[in-house]
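In structure tokens below, several structures.
Below are two complexes that have subunit A in common, paired first with subunit B and then with subunit C.
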Partner chain A sequence: MFLFITIMFFIFRLMPGNPIGLILEQYNLTPEAAQRLIHLWGLDKPVWQQYLIYIKNLLKGDMGISYVYNAPVSSVIFSRKLLNTLALLISAHGMALLIGMILGVWAAWRRGTPIDIGTLVTALVLYTIPVFWLGLMLLMMFAVHVHWFPLSGTITPARSYKDILQYIGDYLWHLTLPMISITLIRLGGDFLIMRNTMINVVREDYITTAIAKGLPEKIVVWKHAARNALLPIVTMAGLDMAFVVSGAVLTETVFGWDGIGKLTYEAAINRDYPVLQGLFFILVVVVLLANFLTDLMYAYLDPRVRY
Partner chain B sequence: MSGDVSRPGLRKGGIIEKTKEFWRVYSRIRVGKIGLVLLLIYVVMAVFAPWIAPYNPRAILVGKHFEPPSWKHPLGTDEMGRDILSEVIYGARTSLLVGILAALLTMVIGTAIGIASGYIGGITDDLLMRLTDLFLVIPGLPFIIVLSVILGASIWNIILVIALIAWPGTARLVRSETLSLKERMFVHASRVAGASDFYIMVHHILPNVLPIVSATMVLNVTRAIILEAGLSFLGLGDPTAISWGTMLYFADKEGAMLSPNPYYIIAPGVALMGIGLAFVFISYALDEVVNPKLRQRR
Partner chain C sequence: MPRKEVLRIEKLKTHYYTLGGIVKAVDGVDLRVYKGELVALVGESGCGKSTLAFSIMGMVPPPGRIVSGKIYLSDINLVELSDEELRKIRWSKVSMVFQGAMNSLNPVMKVGDQIIEAMLYHDVISRPEEGRSTVKHLFELVGLDPNRIDSYPHELSGGMKQRVVIAMAMALNPDLIIADEPTTALDVTTQAKIMEVLKDVQKKTGVSILLITHDLPLVAEVSDRVYIMYAGKIVETGDVFTIFKSPRHPYTQGLIGAVPSIRGPKKKLVALPGEPPDLRFPPPGCRFHPRCSKAMDICGKKEPPRIEFGPDDFVSCWLFAKEGERK
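== the complex of A and B ==
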């Protein structure tokens, strides 16, 4: 973890293009004002000193000041942007997991039938579609040709709301398309994993026993087989966090969804190192946390695993 | 994964015999054949692009702006009046180049680190695996975005950067294979006969991990192609190369969505999807060839 922070710090210092230069162009600052800014951000000190200051501040929970937003990094990241991203990712991944699991169990139980083959091919196709292209297609179909959904943003700009419900409605309306694109993309992978494990589980002796006992098919499928096929998909969901973030960057850019992914992209373009450092720090913490939670879930789902 | 099952990849017979055996198993898998045919179409497109493409993909104003499809321009034209079909055909070059080279580089790094880690063991193993874990938690695309901003946009940098974040998976796989291989009789025999560690790693371990690595490599190609497209879609691709991602970037930016030619958006995406499918099908078939256990399952 510590090593990671250090590497990130020096990588960002290596970025060409002076952040001050970009800001100077934007705001036409006088040289004196620029000097003051450089001093304020500590950019006149040698790199190793900047590094020590950074680590000291980070331990205190202070991640520095954004060059672009001119606000503390923590308030740039822990804002509506984070909530927007969480809303998008949690809803989309929840949907994908749920639908993928149900379809996977269902297809595996009917293995070899045309329905199974059909879903399998659809899943493979979904698996290879680039997420941003799916987003563009959805926008073209549902926002340009028929005006069912908005083109971009998280809420309608400059609209006043009668009550909170109307606000939530508007938000969900904006959320629909980006959520559907992430859901569809993830669905392929989730389905494939679930189907594969189910096919192995179905062949176990205890399933044969359950059927022989004369239990109804529904109970055998959902209580006996599906429960035991959950492990791999849970593991994948946890370990895939690093990929999830990549999808968020592209989807949020396509839909103008004001979240962390779009912030990452913009910070990289604008050379806003403090924000980038903060983002990578948070992202890695999230990934590690997800891995930890996966382990916990694993122990819960498989009683043989105990730490 | 291990055990003493003999794999088609194990050394026996000459190269020709092995290839024949490999093809005998592979050609029985229908998906695998579809994948190969698809891939062949893309390879032909990439290699013979100047002869197939009806126009020079960079020549502007061969038609009007955003012209809808016609006999002259089957996929219409873009915002600068370039022929989209020609651009799509040339785009296969960039995608295949980036995909294959990045996957090869991933394989080289991953295999080298995996074998070294698994065979040498001890502190080397600890250090290398710590490094692997470190790279595993780095969020891929954001890291690639940052690195390509630092290094500058060129095809070679994109290849390098993709390989740099993709190798840990391969390294893990190779390490676990190596761990089981190094306890096998032929490795012990070779050591007793006085072979050096380096000789054993190169001549005994490497040929035996290659079949499994090559199956994952095919999936890495798909991943690299999609990553390159994503990066280019963000406007961070090589501006001198014709790439499907870059096409989509301009299509989105220049408002192709509202234009009379929606194929500007549809075509590059379908091209990307097709090449992805080709590699996924091939990797599925390879998996069955390499893991005999999977084959029996059908």
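== the complex of A and C ==
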């Protein structure tokens, strides 16, 4: 964890360009004002001193001040943006996991049939499509050619709402396309993992026994086979957290979804070091937390790993 | 007194339609099991024993299927049943103890629940709690501590798991248990105990057992009658004394000659030469003739006739045909 923070700190500072230069361009600051900013942000100190200050502040729970938003990093990150991202990621990944698992189980049980092969090919194609390309295609089809869905944003700008339901409706309407693109992309991978594990589980002796016991097919498939095939996909879902975030960066940028992913993208463009560091710090915490949760899930799903 | 037939198989053919050709795993098998009997089905690996078992259960895995023949289980021909009818017959009339004792229990379910589940889906009970006392009785029957009902499979030893599997096989009071090499995965002392359990269960309940194995000493010890299977066909059958004291078919003789004896005189073990044939292209005539030391001309040309010595007592071999028939 500490090592990671250190590496992050220096990698960001190795990026070409500097924050002041970009701000200078944007706001036409006088050289004196720029100097004041540089001093205020501590950018005139040697890098190692900046680093020590950063670590000291971080231990106190202070992640610094955003260069762009001119507000504490924590308030920039823990804001509506985080909620927006959570809404997008949880809905999309939940959907992908659910559909992917059901299709995977179903295809594995009918292995080798045309339906299975068709689903498999579709999944492989989805798995390899880059998320931003799919996002752009969806935008072109459903927002540009037919105006079913909005081009970008989380809500319609400058619109007044009669009640909360109307607001939620508008929000969901904006959510649809980014959610579908992440769902589709993730679906392929989730399907492939589930199908693979299921194919192995179906060959196990206890499945033969379950069939021999004269259990209805549904019970054999879901209660016996799928239950045992859950473990690997849970692991994958936990380990994939980092990719989830990278997917979010691209999708949110394409769809102008005002979330953490878009924030990451903008912070990187503007060399907003404190925000970047804060984001990655939180990412590390989330990944570690996800791994911990995965272990807990394991213990719940598999009696053999209960302690 | 005519004994009650539990299982009667007539001219059963189960073939696998693979890309490399048709594998005739079971090719015209006749077999009978009477009530309360322990019948052994003996043969080398890959001779079709397990396929025969799966045919009885109606669970031949694709690309295999039953081509022709009849399987009567107390007067119901299983071959003609629909999937749903078969499902109801499975376990309630005929249950199975599988090879892998270790693996035939679902690792994420309590062992008791796995037995109760069988009762539940055969409408013996309507709520899981009702099955618990039955399971405890079954555990006592197979010599397991009834308190083990809420254990997970990984908490039990191999022998205990196999007892659970036997208890499970008895859950619905079937007429027949097919035991497909029930002791192969266990160590020798546990093997003996598990066979005792099976025999004991049989004595107490009168269930018939079809024991599928290649363990000849075990067969000699526990079975009433024996079927010898070779390359998809039954080559010889008889009661256990006939088979072991005076085996008729050269293959049976070869099998018995390949097993060392502790008490008998020291003799050189004779391994059967050659390997079992590829069941996609079985040799013409008698399928055993390329490995047979007593093969004659006719053996490679015509399938041997079945020579009957009595009810459920026959051999398929040219050696026993009348002189005039061997043309």
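We take it that the second predicted complex is superposed on the first by the 306 of 307 C-alpha atoms of A that agree within 3 Å, B and C clash if a C-alpha of one lies under 4 Å from a C-alpha of the other, contacts with A are read in each partner's own complex, and residues count from 1 in each chain.
As a working rule, a residue touches a chain if its C-beta (ideal position, glycine included) is under 8 Å from a C-beta of that chain, and two chains touch if they have at least 3 such contacts.
Owing to the predicted nature of the structure, the values given are computational and were not obtained by experimental measurement.
Placing subunit B and subunit C on a common subunit A by superposition gives a fit, with no clash between them. In the superposition on chain A, contact of A:P114 is made with neither subunit B nor subunit C.
When both complexes are overlaid on chain A, the residue A:L124 reaches subunit B alone and has no touch with subunit C.
Vertex at subunit A: the C-alpha centres of subunit B and subunit C lie 70° apart in angle, rounded to steps of 10. Contact with subunit B, but none with subunit C, is seen for A:L139 once the two complexes are overlaid on the shared chain. Touch criterion met: A:T253 reaches subunit B, while subunit C stays clear of it.
In the superposition on chain A, A:R227 makes contact with subunit C only, not with subunit B. When both complexes are overlaid on chain A, the residue A:I211 reaches subunit C alone and has no touch with subunit B. Touching more residues of subunit A than its counterpart among subunit B and subunit C is B.
Within the superposed three-chain model, A:P157 lies out of touch with both subunit B and subunit C [touch as defined at top]. When both complexes are overlaid on chain A, the residue A:D302 reaches subunit C alone and has no touch with subunit B. When the two structures are aligned on their common chain, the gap between the nearest CA atoms of subunit B and subunit C comes to 12 Å.
Of the residues of subunit A, not a single one touches subunit B in one of the two structures and subunit C in the other. Residue ranges on subunit B touching subunit A, taken from their complex, read 134, 136-143, 145-147, 149-150, 152, 222, 226, 229-230, 233-234, 248, 251-252, 257-258, 262, 265-266, 268-269, 272-273, 276-277, 280-281, 297. By the touch criterion stated above, subunit A contacts subunit C in their complex at residues 204-206, 208-216, 219, 224, 227-228, 301-304.
Interface residues of subunit C facing subunit A in the complex, by the touch rule stated above, are 57, 59, 87-92, 95-96, 98-100, 103-109, 117-118, 121-122, 152, 154, 165, 168. Within the complex formed with subunit B, the subunit A residues making contact are 3-4, 11-12, 14-16, 124-125, 127-134, 136-137, 139-140, 144, 199, 241-243, 245-247, 249-250, 253-254, 264-265, 268-269, 271, 276, 279-280, 283-284, 287-288, 291.
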